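Structure first, then comments.
Each chain gets a letter, A, B, C, D, E, F and G, in the order it is written, and its residues are counted from 1.
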Amino acid sequence: MLKPLYDHVVLEPEKEENKTKSGIILTAKDNERPQMAKVTAVGPGKEGNALSVKVGDKVVFKAYATTEITFDDKKYLILKESDILAIVEGA
Amino acid sequence: MLKPLYDHVVLEPEKEENKTKSGIILTAKDNERPQMAKVTAVGPGKEGNALSVKVGDKVVFKAYATTEITFDDKKYLILKESDILAIVEGA
Amino acid sequence: MLKPLYDHVVLEPEKEENKTKSGIILTAKDNERPQMAKVTAVGPGKEGNALSVKVGDKVVFKAYATTEITFDDKKYLILKESDILAIVEGA
Amino acid sequence: MLKPLYDHVVLEPEKEENKTKSGIILTAKDNERPQMAKVTAVGPGKEGNALSVKVGDKVVFKAYATTEITFDDKKYLILKESDILAIVEGA
Amino acid sequence: MLKPLYDHVVLEPEKEENKTKSGIILTAKDNERPQMAKVTAVGPGKEGNALSVKVGDKVVFKAYATTEITFDDKKYLILKESDILAIVEGA
Amino acid sequence: MLKPLYDHVVLEPEKEENKTKSGIILTAKDNERPQMAKVTAVGPGKEGNALSVKVGDKVVFKAYATTEITFDDKKYLILKESDILAIVEGA
Amino acid sequence: MLKPLYDHVVLEPEKEENKTKSGIILTAKDNERPQMAKVTAVGPGKEGNALSVKVGDKVVFKAYATTEITFDDKKYLILKESDILAIVEGA
């Protein structure tokens, strides 16, 4: 299990990465990598401020700001919450 | 639905992107991409400061500062409010 | 109408751009673009500080710091007040 | 023995670097170097804030942010705690 | 007349630019442009701090930090006071 | 004698630079220069904070952050304390 | 005479630049220019903090951070005090 430090967030990319259930296609102009993923762990926050995202949220984020790791055969992305742009509701 | 975090703002480019109803042509010297769009969602603000723009505002902004995503077959731009330059009234 | 946000300022370049009424020629060494323009709108300021320039001021500024937009067939420049160097009086 | 200063942390890469006991493979997209290591020493903290990681923690981190040294024939990595992304539990 | 904003200073390069009355030669290694000029206008200061230089001071400054403008057929340099290195006395 | 200012520290590289008494080999991946040296002088600190290292400490540091000078036929390195990573004990 | 502003310091390179009286050779790895000079003027300080160096001090400094000017046929270097590394005593 990954326990992020401070304001870091762990994301798990969607299985069918570029498509949401409702058929939404998410693409990023800069590198064509999908930018939507599900939050799987959030850090405790920084300087007493808790984070705004929670486990289970679907989020869009700046793809270039992530560190990609493979853990237990799954890919995860870790980034700071400030690089998350928005929560996707109804996805 | 996209719910922006903190001081992020979601914009929807105009259908006829380079022309407003009154025939205004908006061009950006640096990359020739249109720079006017309509605000469709605003974040809650940052450090207790609410944002100045509101849903429905037409705004001009720094094109290079945006992240472009496709969601439900529509294009959206997400940026920080500090990269919005002005609200266009009467457009 | 352009309503600048925070510390942004909207400028309208002079019609005969490189010459003022008194025949002043303003040139910028770095890119040879004129650097004088008239203030047409000022933002409300930032963190409670009102801006120093006012509508109608002729100003000189750092040309590379501006965003150029075309609006109602006129060219405008938008920049932060901190990129305005001086007010030109008697121009 | 290495006694890190302020917010520095000393890490010892895993013997079988790319595999954890449970067969986890950790790879970093940017330079393909493993990104998991064990904390062997932590600094006293900075400006009165103790660090969040402790000796024995398995951590993932930004590989490019480390200084690699060889000491007593073992390789160590030194980095600031802010470049550690998450603690790996159950690894 | 140029009225500098905040901590900006307007300089007028010396007529015989590289020589002072006493025959001082001022050269700048980085771009061989003269670095001495006379202060012709000072801004009101920034955040309540008045500037240290006054009109008439001869100053040496970082040449690369200036914006050069031509106004009423004279060349002027505008820079922030923090890019002025020293006042030249007895020049 | 070198008296460092503020938070600067003067280091003297070990005679047999890459080996400590116990045969420790210290190498730096980035430029292959040894990274261990002995503190010979410490500055008074900055903003009322005394430094953490003291004369005689063996330290590892970021090699690229040093200024190398030759003084009385000996080589010294000067750097800010924040570029020292750890104290080496038992070396 | 050069009167430095704020935290600037004026230095006069030694006549026999690379050698001190005691035969000390000072060289800088990065650009091979001598790095020792004598303080000839100090600014009043910045934000109420007086400077630590005084006129007559021999100092070593970061060569790349200086502005070189020729004044009354002598070469001087001007830099911020924060780019002075140490005072050389007994030189």
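We take it that a contact is a pair of C-beta atoms (placed from the backbone, for glycine too) under 8 Å apart; a residue touches a chain by one contact, two chains touch by 3 or more.
Since we're looking at a predicted model, the values are computed, not measured.
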Checklist entry - Looking at the contacts, which chains touch subunit D and subunit F alike? => result none
Next on the checklist: If I superpose subunit D onto subunit E using their CA atoms, what angle of rotation comes out, to the nearest 5 degrees?
Outcome noted: 155
Checklist outcome for this item: For the pair subunit C and subunit E, the C-alpha centroid-to-centroid distance in angstrom is 23
Checklist entry - Hey, how far is the Cα centre of subunit B from the one of subunit E, in Å? => result 41
Checklist outcome for this item: Where subunit B touches two or more other chains simultaneously, the residues are none
Checklist entry - Ring order from subunit A, via subunit D next? => result A, D, F, G, E, C, B
Checklist outcome for this item: Contacts from subunit G onto subunit F in the complex sit at residues 22-30, 35, 52-53, 60, 62, 81-82, 84-90
Checklist outcome for this item: So, in the complex, the side of subunit G touching subunit E is made of residues 1-6, 8, 10, 41, 43, 67-73, 78
